[in-house]
Amino acid sequence: MSRILMTFGSGFLAALAAGWLAFPQIAYRQRQQPLAFHHQTHAAKSGVSECKDCHAFREDGEFTGIPKIETCAACHSDRIGTSQAEATLVNDYIKKGYETPWLVYSRQPANVWFSHAIHVRRAGLQCSDCHGTIGASDQLRPYEVNRISGYSRDIEGRSSARLGRSPAGMKMSDCEDCHHKRGIEVGCLGCHQ
Amino acid sequence: MEFTRRDLLTWGSGITAGLVLTPVPWKLLDDTSIWTQNWPWIPQPARGPVEVKNSFCALCPNGCGMRVRMAAGWPVGISGMQHHPVNRGALCPLGFGAHQLNWHPRRLRQVGHQGRACSWSDALAAFRKACAEGPVAIIDGYPDRAASAICHGFARRHGSYRVALRAEQRALLPYEKWSGVPAAALGYDLENTGTILSFGAPLLDGWSAPGRFARLWSVRGAGSADSQLRLIQVEAAPSHTAACAWRWVPIMPGSDAALAAGIALVLHEEHRTAPNAPVPSTTLADAAARTGLSVDAIRDLARLLCEHGPALAISAQPNPAVAALNVALGAIGTRGGIVRRGRRTEPLAAADTLPSHLRAVLVDASVPADFLASTEAEIFRFAAWEGSAGRNDWLLPAPGFLEELTDIPTAPLSSIETYAVAPPLSKPPAEVKSAAQFLMAVDSSIPDVEKIIHARCRQLFQSRAGHLQGEELAAAAPPESAQAFEKQLWSGAVWVGDPPHFGGIPCRLTAWPQSAAPVARAGWTAAWPAPVLPPLATKLYQESSLREPPERRAI
Amino acid sequence: MNTRYGMVIDVDRCTGCGACMIACAAENNVPPAAERATPRTGITPMLVHTVSNGMEGSLKREAFLPVACMQCENETPCVKVCPQQAVEVDASTGIVMQMPQRCLGCRYCMTACPYHARYFNWWDPAWPAGMEKSLNPGVAVRMRGVVEKCNLCHARLHAAQEKAAAAGKREIDPRDYVPACVEACPTGAITFGSLADENCAAARAARSPEAFRLLARLGTEPKVYYRSARAWVRALAEPRNETRRKEVQRG
Amino acid sequence: MASAVLTDRRWIARGAKRTSTSRFALWLAPWTLLLALGIYAAGLCLYYGLNQTNMDNRFAFGLWIFLDLSVIALGAGAFFTGFLVYILRRTELKPILNAAVVLGFICYSGAVAVLLVDVGQPLRGWFTFWHPNVHSMLTEVTFCISCYLLVLTLEFIPVILRNRQLEKAAPAAVFEYRLHHLVPVLAGVGTFLSFFHQGSLGGLYGVLRGRPFAFREGFSVWPSTFFLFVLSAIAAGPSFLMLVTAAVEKLTGRRQVPRAVFRRLGFLSGVLLAAYVAAKSVDTLIWLNVTSPSVGFAPWEYYAYPPFGSALLFIEIVVFGLLPAGLLLYPRTASSHRWLLTGAALACSGILLNRFVMTVQTLALPTLAFDEFLRYIPSWQEVATFGGLIGYGVIVFSLSYRYLPLFGEAKKEDLHVSRS
């Protein structure tokens, strides 16, 4: 009988270990950002003090998201400094006029409609409430994409099992939690499209 | 101690029990279902700034005003332009899906010579050779554009210029014949008509500028019993127009002329005809017999026409009898009738008959796909999409919807003159060239479209005639400088000429026209490969039974 | 303020041109017909039916009846039957919302809908190469195997809400929210607005004596009204009943 | 495989007379083929989507739903027999119990499999459990069916474990023993679950306000069809059990259970069927005279579209209802094995017809004034999937019969009968 218990137990423990430690790593593929962008450095060197200086709204309330390459070109028309990233930026993107293929940690899928205007202008949320300290980061962490669903870990990782280490979850359940906390009820199509 | 099968089973059950307590099964469930929500093979709309631009539809010569919604630099949605004087915010169904036409699988992307792929230089060489060897004809489907001016100018030097007129334009030819006023300077003053007697004209179903009549009809009491605009539809089959008309009069197919004569006869008997109007030489009984209506029914029709004037008869096909009925009704050059707009004096040379022994014929992309050039000459046909009728020695890919700069002249049947400019909104594929660009490559002395448009804008400004219309222009003072004037035109404002002046159409018609049968559409084919429609048109004929499929009837 | 969006469709103004159907499909990224699609397998969230008074020859009269989701207010059939809450009536707008991403594709809601206003994606949505550039960024493309229907052009409501928020307003400007079919109709046959708002044109039109609703006696309180001066058209509100149809024709 | 077949004897219970391995294989072959075809067809539907079927937006439910409703109704024999044996202590039915369980298992597992093919997004199936809509009959059905399938599996396992070879394994034996004590509880649970989903399957259509042909008033949340379906299911279940047993007896040329069991089942079936017919008639009258007219539908028009004439209603209630009830109850016919089976067959046909009318006619009939009467012919993929299910059923039942004590308790009496 004890033998049965031992064999059973060993299998049991092995499964637990694999499931809790290995699986969360295997489930995601890591991808490096095209450039080593430093929020901190930009804040320090080029007097931008607030997020909205670069991540602005259009007058119709549409959020511009990550600045277009022209914004970078405004300062980086020629190489500033000697870093490899600098060279890539100037030669591969600015000179050729290509947009930088940033991997957006918080990019929601096409079926999600998220209005920054409503959350920032009306509800008065702070950028950091959802995006954490990325604004103060001195380097860009790798972008982790789920191998099956293709979602960034930031919007999916804190899934039903609450895995992952994203600053604040951006999965539907996380949106719901926040909405419930503030007593704001919206229908499915309030956030989906 | 060896590892028995039983141990394996026990161990396996341990694993299973353990896994259930890890995220693995649940996360896999979640991820796979999320995967189904974002299947990689399902196309994703592009992300990008959204803006709305004014433009005009150049798919047919009516140039309806449109508002084009752009996302990430491409048109993604179309709606009507409220301030456009002719279509007043209404568009035909095809207009709403037109922005997808440029990616139609039957889009032409390759120069073709008798079915073989060729290059533009080949086509140019061949056309240069042709011009050198003999006269060429250029056929335009959308006259009075800057591009038309280029064709016209080129043709003046190397041959002749012809225009492929649409049926509703050709219906005006009898008046041109009788009055000498070019049909291209005539329009219907529908805005003031009281009763319209339509001989099978699909007034509510794509006739002329489709939006124009639809708006009129709805604004002036559509459907209500005491409508200000009474539409009497004379048609054998219960068409969409017949279904919505104030009265539907089913008659024998092809008996339009007989009915027109019959009505004219009644008007004459009751001394209600205009002075010196011709009298048909038929009898009422005969008309009744041919149309399958009772004599009283015909009398009723005549009475209805006089009861709620001004009355106007419109035929789908050129039909002298119907034209003569309008003369009898006194609807020529009068309010609510057929009016003269603008100062144009020279008629358009119709492309039905081409001059003999031509060396080559160049057909512009604006010519309808079902036009068939009746000639032995070498044909250079421009088209954005497949499906052009007849023998086309050279098939040349032209810019598609909203892909080229063009100006928008007056719509054919409009009662007022208009002018607008449609800058390109959609990037054309590398392989395409418009006929104008082609001709400019042949003859470098020709000014380009943009120059011509600038010149025309300046001319308009100097003429001081008419005014500009645009939503933000409603209250604003008229522009002071030519530059401001032009700027507004380029940003979607419409120049509107002075209201129609009545009279000025001396219609001399002594005898009632004999040719009862409508004029055959010489040079046009009834059977041609299914026309290219916006892909979403399938909603109308394949995914519902609202319309007949294009193979059977062009929408 | 509690809005209740609805429409009043003037049947006497509908010319059956089909502009609403195409405008709807373009706005909502509905794909063109799959090769084997038919009127019974196509996707037409707005569908114009050709109806007739059942007579023949010169007595035959036809009309056109645009049918989209009726936005049933009471006992909403599809909402009641969906096993996993993929459909709901939005409390603040009264719009019956279909969530394709939640949908299981069981099609129970389609059997429940009295108006056949729900459509199943029998095929993967497909556009000719390059045409995906013409897709509306405000609407997610539905995948094969789910049900969809008219959401009253919800993307346009989103845009209006965002615009309002950007301007610091809570309520949207009604002029900013007009569904594609309403905007497209060349004869202005469709009046759209909140039926709960007394001084809204739609609410007034809905109270006209000539206004009617399809299968109103089922008690589902549809928020799409029709209007016609013709008795035989108004008779279409009742369920199919040959006997009654004959009576209407006679009288 | 081959060796398994050769050593097949070792697996067959001692003393049980079974046909030779080769003949058995021969018998399985066609059914295996059918199953394979079915799996292929289902695969097509899963890979290419439901465009492989002939269902459409108007005929959104087709052959498969009819199939599911039918097999689940016929499978009702399982829970009902369990209920009788363990709850009502009708031990005389014990001999047939295992067969009933296996039959139920086949019907339910098959139905669930087909349902998974029938939905457009099988991978989202679990949403129903994660975001259930408690007002939906389908939620009720999904929950009960999946739970009851679990119950049936648990009931099936001990039967499997009583296989000659498996019995040898000590832990298995222990497990079996434990489970065996659990079975009465399971039977109770099963009864509860089945009662509900049999009902909600009826409710599925009964609540369709938009389909007045199916819509019924009812008590609180349950339309009358809820109770009619329960009644008809438990009425037909035993009949189907009889038919299957009879079929087995015919094929094996061996008597499996004492005639008494048949008569008992027949009697039960008859009584319930009679009750059902009565209830159904009342319901139909109320529906035709009150429910439908109240929302403006002219009931006679339901039967104005051939082939769905009023004859169908007559056949369903009289020929397939009253008549079999009589055959099963009237002592003279009930005592005749042939008449008993005839009655059972008619009863089952009645259920099939009822489910067919509810699923197909409901969708075919026009509701809107400008609707047309619709036709729908299943595609070969749909039919093949259907066939696959039947193949699956026959195979599982044959294997069970060969290797497991299906009619185990019957053995002694069985020999007894054959001696006398």
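By written order: A, B, C and D. Residues from 1 in each chain.
In the analysis below, a residue touches a chain if its C-beta (ideal position, glycine included) is under 8 Å from a C-beta of that chain, and two chains touch if they have at least 3 such contacts.
No experiment lies behind these values; they were computed from the predicted model shown.
Taking the mean of all protein Cα atoms as the centre, the chain whose own Cα mean lies nearest is C.
Of all the chains, the one whose CA centre sits at the greatest distance from that of subunit D is B.
Mean C-alpha position of subunit C lies 40 Å from that of subunit D. Work out the mean CA point of subunit B and of subunit C, and you get 29 Å between them. Subunit A and subunit D have Cα centroids lying 52 Å from one another. Each chain gets one centre point, the mean of its Cα atoms, and the points for subunit B and subunit D are 62 Å apart. Residues of subunit A in contact with at least two other chains: 4, 60, 62, 109-111. Annotation for subunit C: residues 38, 41-42, 86, 101-102, 124, 138-141, 144-145 touch two or more other chains.
The residues of subunit D that reach two or more other chains are 121, 124, 127, 171, listed in rising order. If you check the complex, the residues on subunit B that touch subunit C are 36-37, 39, 41-48, 50, 69, 71-72, 74-80, 90-97, 99-100, 102-105, 204-206, 210-211, 214-215, 217-218, 222-225, 238, 240-244, 248, 250, 534-540, 542-547. Residues of subunit A touching subunit B in their complex: 3-4, 7-16, 18-20, 23-24, 27, 58, 60, 62, 64-65, 109-111, 146, 148-151, 156, 159-161, 163. On the side of subunit C, the complex with subunit A involves touching residues 86, 88, 90-93, 95, 97, 99-102, 138-141, 151, 154-155, 158-159, 161-168, 170.
Taken together, the subunit D residues at the contact with subunit C in this complex read 49-51, 55-61, 118-121, 124-125, 127-128, 130-133, 135-139, 142, 204, 207-212, 294-298, 301, 304, 362-363, 366-371, 374. Residues 121, 123-124, 126-127, 169, 171 of subunit D touch subunit B in their complex.
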